[in-house]
């Protein structure tokens, strides 16, 4: 019983996250401005991170937790770099 | 002397907590190792010499966090509704210039985090000279309500904690 | 699952190869990145696919069939590192070439 | 996947679904909202209660199956809510600058002095 | 494993690595110290590799040549194998290394930072590639070698080097991907990375998987052939080599040989007579490609407008000859080819060193470095380095003699070893079962022999043209000075070819036994798979 | 001294002497001459001493092992024929040395001359004494090379350079042909030993490869002895000093060609192919050379063409394949050497004393140098075939042979007529030489009064002319025994009888001689008027200039065609190179896989919609990135990030947490890296160039798309095929089973990296280190593109804004921009450090490890750089990345070496569980220290790469200043210092 509940709820959740990632991807592709795309990439990162966490639940191991944590702690670095590039034309001054 | 070893006691404590959470263990060995790591991390931050935030009332932080949690949950639902409404809703979003009394960089950072982390409001631009901040609000029905919320719920609390 | 991954590898390869054949250095560097994704996934795939069988063993005796093949993973790790290094190198050479030749064409001059 | 009680499964499922739904809505907003400044609000759904929901599910699941409290997921929540604002702030400010420099859209002028007009960059894309 | 000699196999890799890393701890301005360390280490490397060749030639213990890294059993851990071929290649590398290094001390080592470290890392990569018995480890050492070569190819910078460097990097990155795909595919089909283990398994691969295995080998082969400069994969080579600084180009002469070595090693080990249905895989490609390379190289030699490019095309001819010879799959031909390999490498290296001195005669009095510095340097660059060392008297005559020796070697004219190498190959082509056994000459043999002769003639024509215009037609009264440390390495390299001419008998014997072992690898495969481990060390 | 040792000695002495000669001082003419003379005397002495050994047809032989495995040993072999050549080489050599002592000017650098001369002598001796046919080729080519050096001796003269090059090219080509020919002969008989070859005549002549072998050997012989149509190099070789001509172009080198014909006569002659080719070439050369000689205005040119003609005569004789003709050929080889060498020397004396060799300017010299004139006249007479001189004898034998009846009526007629005509021409050019130079009016316009040369300079001529006379008058008691020895060694013991007597009675040969002599005189008389006009070159065939044709051919082949071919079959552009690489990478494996893959069953088992959606995203991102990469670089970079994330999730999906973490981290660093680079890439704007170009580009794009598509399909098929196959029994189980037991870690991948396959990791981090150093080196002298030297547009606009607003100062915008974010970015620094330590320490047992930790640490640094800027960070943190790299490598290395000190192979690791109070069991694996090395290196390398790039922004204002055409007005030293 609990297996079934878990299976379906995780699957649906993952599908929703995949949907989230698809939305973000459309924004990444459609733009129109660079800031929109970067914003979308940031959202994409977050959805991906949550996807990893859900995957951990799905296979019942926390061995993939660090991967999610790395996105959580460091995922913003590349978006920060991109944002700063937009604002200043260079990442490190 | 103490300041050299432990320039940021609260931060180092936080790092120790981080370490222990990462290890998922409260073993003595991990506490010892974590302390070493935390001390080192504190020294590393000290090398960067950022402004040393002076926290007067640490306990108020918990109150603030609870407040924020509730607000964030509320805004989550509100924004979710707006998104679901899609294009059919009327435009309410807009910019908001907010004068602040808060000057401490760390406090401002916390405030900016709160405002931005709360769905529906985003911290755009802080003018240090005048102490004003430009905020974008997704559902800007009542401008003054927003100003009041931020000033009374968060700023005053932050002023208490940091100054 | 194998099919999806195989198609993914194929598409990444196609994009990578196509970009590496383009005349602008930046296209080449993006192509290099895509191609290295493809190649890394390909190496990884050579160990066959298993879900939820990370090669992190317990300390006791273990049953090897319960785990995925660790060898390709070790190879991919090496390949990722080397790929990163080479991307950095190519980037810098590309910048230097842009500086001295005045064009971002891979041949250092516009093709007539 | 050892013996997970039904109540826990239900709870885990609920949190996971709720979190994913919020994240999905956020990203939908990203796709559907009209201007950049509106879209900037959308991802925070995912980073706040979207993340909290899913991570609660994870905490619950591993705490119940692992027979000991697994709370390290909290770290993700903390750091995500600490770092996302940084990104958004930098990005929004950059967008503000670009919109002002190009004088397109209804963005408020710089808070100080007169709005300085400099030739707009001829780059619509990057 | 208690004596240094027990670890001999791994030392040619460790010594350069340690030296290179150690020099990183020194400030870049301590160039003299670095030069001393480097020369000392490289000389030591020569010494070690001589010991290695001696050991490989007279193996007291057949098992001593394979070295199980980390004391892990073969085929699980990485094993190093210092058989006759590997030892010979390592010796060649170290000799070239010493020569190029000494030459570079006259000026080039100061043209950019960390030259000495990169140089040692290049040696490490080369030696590792020659010594390893593991396919993926071969990839890693290829990359070490390539990375160092990228650095060295760009050393000194300037327009030509950067432009050539971009192509060089791009093309070789493409090849690296193929290498990875090939190695992975082979692993996916056979489940092993160890070359000997692979060789033992090839015959027993299910028929259904054989196509995949061979496709994997084809990917690997392409990567090797690109390094070897086989037509149509070698167009980058003349440009890159011509653009590189002289000592670097001299070292690069052996980099193509790494590709050749890998082709030879894997084709004989894994796809030799014992490979069942896969025996002789790719021989046609090698033959055709090799011959096309010779033809293209010869044409390029004639067409070359600069001596540097000419030298680059000489490399191609050498590669083509070796590839086609290996493609014959005959131990006699391989034996001759090995001799030719050593000779042509030494000759081309020496030639690259000479080319720069020739340019100096051409632009008498002009300082090459000064020109590049003026054009591309910036003022913060080091200025302290004027040339080092004593100028030699009669520079023109000595250079002329060296150049002439190079011409003889490269054109394959008597009486020097270049001729002997070609003769050994053609003689074996015509007499594949030995001189006294009568067998008809195959069309491939005719073609190859003809092309080799043609290439020799092309080299003769072009090099004579160069020599005449440099030594006879330039009326420079005051030839630019040539330093002892510039001419000494050239003399060393050329002297070695003379020694190899005089001692051709024993040297050829070494090559023939090497070739026989290569073409009958069963014993070596068995030996490697039976590499003993250190069980317990007595306190 | 055994005879065989003497052979070695005779061969080595000239080469040794050459070395000594090269080292003597520039002006040591006497010493050089003594050295060379002594050498020649020694050689001659040895020859004379050895004559008894070879007189009766026996052979002196010495074998020295060289390369037994290849059947190539040094075999010195002296028979009668080689002896005859040996005497010519040393004897004429001796005379030439004496002559050269006086001929060479004090200004000429004689060491070079004598060194080359002696080396040539040695090569020639080696050639004639070769007992191994490969060795013969070796010395053959050596004579080409040394003669090249001798011809080019006066290299300041363009004609000397050209002549030398042409001689080398032609004879070198012949030599290469000869080599192949010899290789074929070796293949036929199974040995390169000359004696074995000479014993295998029938085998060779009946072998299917006889004709190619013959053609190749003849190519060598005919080029060397300047036979038509390869004759043209010889006249141009006359740019050499006259002693060289006298030696090389009369007695020795050109004779090497006919030597070869004679040497292989026993085994190759007698066939139709031999007869037709050799005889025709010889006859054509004989007539053509003689005809051309008549019309030369240069004395040496006349002699050169005469030499060509005489060599043609010898070749014709050899072509006839009869033993008696061969006797005549050998005899004429010797005779021609004597009279031609003396004539060259005489011409040299004239040139030396008068300063010109132009017949048109010379005349009436008899009255100034009667003695020399007489000598030259006698030698010329010998050349013309006047009775009682040696030339007459061999020419009579020649006539006798061509007059022999042959089965072929054409041959029957053509040979005697051709021979007579050629002889007539010989008389004409001999007359022209004598009459034109020594008789007639006094020469005009000469700078100095001509006089006899020094007596010693004349002595060689005297000796040679004496020989002509003596042999011509009393051949039976002078030349006969030596000729007999030579002949027997070639034609064998059954050589038919031949007579050397001067008078053979009235016969056809005598009649032909008479016709030639009388006809020649008449022809000279008839041509006198034309010749007096002094037109250079033979009429009718003047246009047929071998040199010009040769040079045009060489130019066409070596420059025009070669360059065209190089361009056609090669490229210097990158795109075609990569295209070919990928094309082969598709085609070769495809050809191996086609129809061998067996059935591939499409299986949808385990299909997961989530995973499918993920890859849909990944694919869309990749394609979009590919499409955007040209004009919208930033967009491409962002989309690349999308694909990267999908890749990373895939790794997690299929159980590779380490890969996922590493991929993510590298992804982040790569993005920052490319962004750092992007600042230096000026914008690309779409340019709409002409239609044709657009069309061409489009076609190229479609072509590339097709290839890329094929590559993708190939990878898909291969990857799918392998993934769905049975897993082979491989090495992986060992690692899973033993990672903990023997490696002390539960994360098998990490144990592989730091233990099982740590050697790979060592190499991999070395690569990273090397690349960092290279990046550093390249960037140290980085010159940005001119368009990107200036500050980025954004910064300029913002600075301008700050400048205009009264209450602001430059930099306010950026500091406000970063005011709040930088606080959080600083706070993250300790967090990242803790994360790095965490990943590092857990690596051995859980996903993580030194590499991941290193990247995390460097991201921490980079984040601070982004927050505070380069100056701000470097004021606070001192990072010495190069040291990090060095110590990382050393640390990793030391762990490995430590094992060696305790007797284990390199990289053997040790681990142990230590009980530490309060803490418990702690794994202490030496691999951890190795991983620490990895960490250190990765931090150093990554930071070095990124920081080196970042530093360009700090440097760029300086670069901009540097690039400015006019430097800023410099502050004069006495100006007051306003600010520091």
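Letters are used for the chains, namely A, B, C, D, E and F, taken in the order the chains are written, and counting of residues starts over at 1 for each.
Simple rule for what comes next: a contact is a pair of C-beta atoms (placed from the backbone, for glycine too) under 8 Å apart; a residue touches a chain by one contact, two chains touch by 3 or more.
Note that this is a predicted model, so its numbers are computed, not measured.
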item: Any chain in contact with subunit C as well as subunit F; value: A, E
item: Of B-D and A-C, whichever chain pair has more C-beta contact pairs; value: B-D
item: Innermost chain, where centres are averages of C-alpha coordinates; value: E
item: Most distant chain from subunit F, judged by the mean position of its C-alpha atoms; value: B
item: Geometric centre distance via CA averages, subunit F-subunit E, whole Å; value: 16
item: Centre-of-Cα separation between subunit D and subunit C, whole angstrom; value: 29
item: CA centroid of subunit A to CA centroid of subunit D, Å; value: 9
item: Where subunit A and subunit E are represented by their mean Cα positions, the distance between them in whole Å; value: 48
item: Touching two or more other chains - residue numbers and ranges from subunit E; value: 136, 140, 143, 147, 150, 154, 157, 166-167, 170, 174, 181, 185, 187-188, 193, 376
item: Per-residue overlap in subunit A, given as positions that touch at least 2 other chains; value: 14, 19, 21, 31, 34, 38, 40, 60, 63-64, 69, 73, 75, 80, 84, 86-87
item: Multi-partner residues of subunit C (at least 2 other chains); value: 20, 42, 45-47, 51-52, 54, 56, 71, 78, 82, 85-86, 89, 93-94, 96, 100, 106-107
item: In contact (per the touch rule at the top): chain pairs; value: A-C, A-D, A-F, B-D, B-F, C-E, C-F, D-F, E-F
item: Residue numbers on subunit C that touch subunit E, as the complex places them; value: 20, 25, 28, 32, 35-36, 39, 42-43, 45-47, 71-72, 75, 78-79, 82, 85-86, 89-90, 93-94, 96-97, 100-101, 106-108
item: Residues on subunit F engaged by subunit D in the complex (per definition of touch); value: 631-635, 683, 793-794, 797-798, 800-801, 804-808, 817-818, 820-821, 824-825, 827-828, 831
item: Interface residues, subunit B side, partner subunit F - complex; value: 11, 15, 18-19, 22-23, 27-29, 32-33, 37-38, 40-42, 44-45, 47-51, 105-106, 108-109, 112-113, 123, 125-129
item: Complex interface listing, subunit D residues touching subunit B; value: 22, 25-26, 28-29, 32-35, 37-38, 40-42, 44-45, 47-49, 70-72, 74-75, 81-82, 84-85, 88-89, 92-93, 96, 107-108, 111-112
item: Subunit E contact footprint on subunit F (complex, rising order); value: 65-72, 134, 137-142, 145, 148, 152, 155-156, 158, 161, 164-165, 168-169, 172-173, 175-176, 179-180, 183-184, 186-187, 190-192, 209, 554, 557-559, 562-563, 565-566, 569-572, 574, 576-578, 580-582, 584-585, 588-589, 592-593, 596-598, 715, 718, 721-722, 725, 727-732, 734-735, 755-760, 762-764, 766-767, 769-771, 773-774, 776-778, 780-781, 783, 882-883, 885-887, 889-890, 893, 896-897, 899-900, 902-909, 959, 962
